[in-house]
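Below is one structure, written out as structure tokens; comments come after it.
As written, the chains take the letters A, B, C and D, and residue 1 is the first residue of each chain.
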Amino acid sequence: MDKPVLELDGISAGYGTGLVLQDLSLTVDRGEVLGIMGRNGVGKSTLLKTLMGLLKVRSGRLTFSGHDLTNAPSYRVAAAGVGYVPQGREVFPDFTIRQNLIMGNLKARNDDIDAAMDLFPVLRERARATGGSLSGGQQQQLAIARALIGRPALLVLDEPSEGIQPSIVREIGTTLKQVSAEKGMTIMLVEQNMDMITQCCDRVVFLEGGRIATSVPAAQLLESPALLNKYMAF
Amino acid sequence: MIRTALSHMKTESLVAGILLVVLLLLPLGASSWLLSDLSIYFSYALFAASLAFVWGHCGLLCLGQAVFFGLGAYAMSLVTLGMVPGVEGMVSTWLGFAAAIAVPALAAQLLGRFLFHAQGLQGAFFGIVTLAVAFIVERLFINWDFVGGLNGLMNVPPIVLGLNGDGYELWEAVPLYYAALFVLVLGFSVLAALMRSRWGLALKAVASHEMRTKSLGYDTAHYKTTAFSIGAAIAGLAGALFVVQFGFVSPSLIGFGLSAEVLIWVALGGRGMLVAACAGAILVRVLESNLSSVFGDTWLLLLGGLFIVSVMFLPRGLVGEAIHGLDRWRAKRRKGGSTPRGKAVERLSPSEYTAR
Amino acid sequence: MSSVATIVLDASNYALILLLIALGLAIIFGLMNVINLAHGEFLMLGAYTVLSIQMAGGPFWLGLIAAPLAVGLFGLVIEEVVIRRVYHRVLDTILATWGLSLLLKQSIVLVFGPGSHSIEDPISASVMIFGAPYPAYRLFIMAISLLVVTATFLFFFKTRIGLAARGVIANRNMAACLGINTRNLDRMTFSLGAALAGLAGAVIAPLISLDPHLGLGYLVPAFLAILVGGLGSIMAPVVGAAGVGVTENLAATFLSPVYAQLIVFITAVLVIRLAPGGLLGKKRRQT
Amino acid sequence: MTSITRRKFLGSAAAVAGGIAASSSLSLPALASGGTIKVGAVLPFSGGLELYGNQARLGLDLAVSEINGGGGILGEKIEVLYEDNKTDPKTSVERATSLIRRDEVLALTGPITSNARDAMAPTIKRMKTPLLYATNYEGGACSREVFCFNTVPNQELEKLVPALKKEAGDSFYMFGADYVWPQKMFETAKSLVESEGGTVAGVEFTPWGVKEFAPVIRRIKESGAKVLLFALPGADGITFIKQAEDLGLLEDVTVGFLGFAETYLGAFGEGKAQNMWVAVPFAESLQTPGAQKFVQKIRAQAGSDVPVSHYVMTHYNALMAVKDALEKAGAVDKDALMDSMQGLTISTPTGPAEIGAVDHHVTMNMYLAKTEGAGLSVVEDLGSIVPEAGCS
């Protein structure tokens, strides 16, 4: 086995003066699909934002593929090979689908764009439509395709199933699974949707109080509702 | 937080107190020209305090604060020159002060309602609009012959202690100095008291998180309008204090130029503390009046450079940073003693400071 | 009354000059969220670049090329030294660039003296348009402005860097998370905006008297133009400059320059207040 | 220069120290005043009108070196303390106040703009300090303390208007900056034009800072006026003339340039802005021995390429008048100066000039001139013109 692709070592981060992540440590192995779960407000999105350089790391160290990315600007994180699908998709509403995809990789050639559209055929059908005119599910697919077009080594997704009809959630899950299998891509998936988690993930970590509370193989999750009760129920 | 804020306040008050004692004792030793320079600077200091209140405390970067200073000066002049239509016989200085406070406050009230109500203007937009307003008002006064056009009004009387323009004229350096100092302290105290009140706390909240405060049920537009008016009233008072000493008022007091100048004083002194802003105004004026001939053409270069550096690295301002440093030193000393009084005020990077 | 053609030409000429100036301002504001109050001084630097070349005996046309390059380079330095440190503090960018404008004005006074200078007309001929002579240089300015504006539009709408830049306007953080090098883009943007100001300064130099205070007279209407037009869009300055330029020019033609200025200011304040996004603007993301 | 600087520096150091330590003895200014007559000059050296400030300074400097070279006034040296008013009325008052109070000057000279002078008026009145104002202005500044050494509207216009009417035609358009000097100039001009049987085709004002004059130029063109009386000083004026030239206005009208000074000439460029008519109390190209000697002396002191406009001469005259007046009075104090200046006749580079006994304005020689080639060429010696100071 290689060295872990991502290492978070004692990370503290948050908004303003308050800390949301407190001394959080986590390693992700190459090719792994990792689910991240926890109640609202435990710091799941904060974790991804910190990883992406959108929030300042107050202490600790963040290493990705051997590069120290602690407090690196977002574009360097992306350039190092991290693809990001944020909560709420954040597609560019005025850009066409094609333009949105190019934003994912300014050097993308036509076959790269074709390949991205192959993953989600609906994008090809509406290639000239603007991002804002798509449905929530379509936007989600676009956001994922956009992240993938940069050929990331690590794809991080923030609640991709949120507000999307189940059939599309399943389609997305399948695609993620497929991408991970075919390209050996590492994926971090923040999710509340159990179906999505069990469909895709190899391992799941639960966050509580700004740090990793426990880590279990995804398969074990279905068998232990106690775990879910402990970390998910209100 | 509250405790640190309190200890912070204390250093500020301490500095203000020491300065006040020094200023009170100054006429014992200083020459009359220094006193008369200073009494003029007191009106600038009060003006700076009004901007520090509006900008530093309420988060409203007003690029046209001189409008209110000028309105106050014009109001005072029109009254004491007996030019108010219908009541030409009323030339009382006291009435003049009242008008100099009321007119700008009213103007700010109207402007504030227009700018803040409903989906009001924020941040930079507010700044730019106030800048445009300063241009417009200056233009209007230049074209308004009744108030003397570009040349303005001359021979405005000094403060007269009698009820209607009769009695003792405040013109000698020392009495004038104490009168000006009194007005400064009065205006300063009003602002300081407001800032410390619950209402002031709510304003601070509006300034740092308007949306959040709004959702808590505060009518933020109303808060901002009122604060804006109070700032304007104090600026007007400063304008009146200015005009009774200078004896003239002209559109140059009402427009962009003076608005920009006061911004420099406050930014260099410190926007977050009244006393820092006042000290900044006095300091810049004293230095300029004495050093500009030494440095000649490079004086403006120096001032511009200092201004940029202070914006980039010292958002608290030069005086503000000094007071803050003193505060930390005091906190440390207290901590070193037997009774720890909470942790020292944390050091903030410029961006975090403004983000608050 | 002047012939309609002349009035239209005069008004378009002024609107196009404003557009050339507002464009750089709008790009810097739109992409970087920086309110550049030193833009008028960048304009002045452009004009003084032409003057320096004229004083050294070089032709105007060399100055026209040198001005955007010199001012663009200067913008790059300023971005690195000053602007970079006040990002995310919109109000402080106003203050810092305003300090910069003081500094630049005074530097020009020290180097070139406080007095007025004059740039010789590069083209002194007149062209007959609808039976009335019109200075050829004014037509040239209109052509340059149209050309530059078109080029800017092609850049933003037809190239991938332009796309990336528009992406940054729309959603800075997301663009950065997709690997757009916002740092380089900021450098490029500020430099480009400065270069456009430099070019504008060079172009208008023969029309006016060069003095260290020339910037303000253009900065203010250009500012109103982009605020009226709206911020989050590259199209907006076109609408704004046309609106402000034509209004001011027509009011000056049919009323008087004094009223023209007042009308423009008051209209602008009303538009900014009633439609804070501008006529064309959209709500910007607060990032 | 160096000595002034050092003195200033000491003063300022003392001021700062005084402010901080409240030290008791600040006698430096008093010490420095022994044996020197001090005159404060409140002039713009930044903020837009630096050119005029610098011109004024040339004349004052020359007067100082001539007076001191000739043994001073009643045995005392004279010194001019320059203060920059930033072209701003408020700063002018501050500077004037500290010159009077701190430096205990005998008299003040400057400023340039009317609004700065009006702003200073209450101060100098209260402090009973004479003001030697040497810039052309609209008239009406009349008080015991104020003495005006440059022209008022009638001196500039009385002969200029008929000359232009004869030269170009009888329809006049008037365009100027939107403030009191152009307004008063045009009032006077209007009555002159009408009494000469001419017509006024239009009067118009513009705010400062306007850069595009095409609309105004078109309107002047349309009016069919033959003469343009022009009162827009500074950079805006140059911009207007440039654009008027480009848009062909200067082919149709003859310009009467009010408030002209040779400092403009460099800014128009070779062969531009020709045939603009002016009436001035002094011109660099004036071919009289007195005038040429004056230009030579200024250039010997300040460099061979400086323009020497009437502002240089009027400020020089003002300081020379102080010498004459004090010597006549035989005493150095403010009241003696003011008393003795009334009705005084001084000799100037353009001949004798008389300070009005009542109105304190100067009757002096005026010259009709026009721009030609790269300079101003004198057309006619108009003789001395009595000012209508507008004192009520």
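Throughout what follows, a residue touches a chain if its C-beta (ideal position, glycine included) is under 8 Å from a C-beta of that chain, and two chains touch if they have at least 3 such contacts.
Treat the numbers as computed from the prediction; the structure is a model and nothing was measured.
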item: Least step count from subunit B to subunit D, where 1 means the two chains touch; value: 1
item: More contacts between chains, B-C or A-C; value: B-C
item: From subunit C, the most remote chain by mean C-alpha position; value: A
item: Between subunit A and subunit B, centroid-to-centroid distance (C-alpha), Å; value: 51
item: Inter-chain centre distance, subunit A versus subunit C - centres from mean C-alpha coordinates, in Å; value: 42
item: Separation of subunit B from subunit C, taking each centre as the mean of its C-alpha atoms, in whole Å; value: 34
item: Centre distance in Å when subunit C and subunit D are each reduced to the mean of their C-alpha atoms; value: 37
item: For subunit C, residues contacting two or more additional chains; value: 106, 109, 220, 258, 261
item: Contacts with two or more other chains, residues of subunit D listed in rising order; value: 46, 178, 207
item: Complex contacts: residues of subunit D adjacent to subunit B; value: 4-5, 8-9, 11-12, 15-16, 18-19, 22-26, 29, 45-46, 82-84, 88-90, 93-95, 97-98, 101-102, 114-115, 118-123, 125-126, 178-180, 207
item: Residues on subunit B engaged by subunit C in the complex (per definition of touch); value: 61, 63, 114-115, 119, 121-125, 127-129, 132-133, 135-136, 139-140, 143, 260, 263, 267, 297-298, 300-301, 303-305, 307-308, 311-313, 315, 350-351, 354-355
item: Subunit A-touching residues of subunit C, taken from the complex the two chains share; value: 160-161, 163-164, 166-167, 170-171, 173-183
item: Residue numbers on subunit C that touch subunit D, as the complex places them; value: 1-2, 6-7, 10, 13-14, 17, 106, 109, 114-118, 120-121, 124, 126, 133, 135, 137-138, 204, 206-209, 211, 213-214, 216-218, 220, 248-250, 252-253, 256-258, 260-261
item: Touch list for subunit D against partner subunit C, complex; value: 46, 48, 50-51, 54, 178, 204-207, 209-216, 218-219, 221-222, 234-239, 242-243, 246-248, 263-264, 266-270, 272
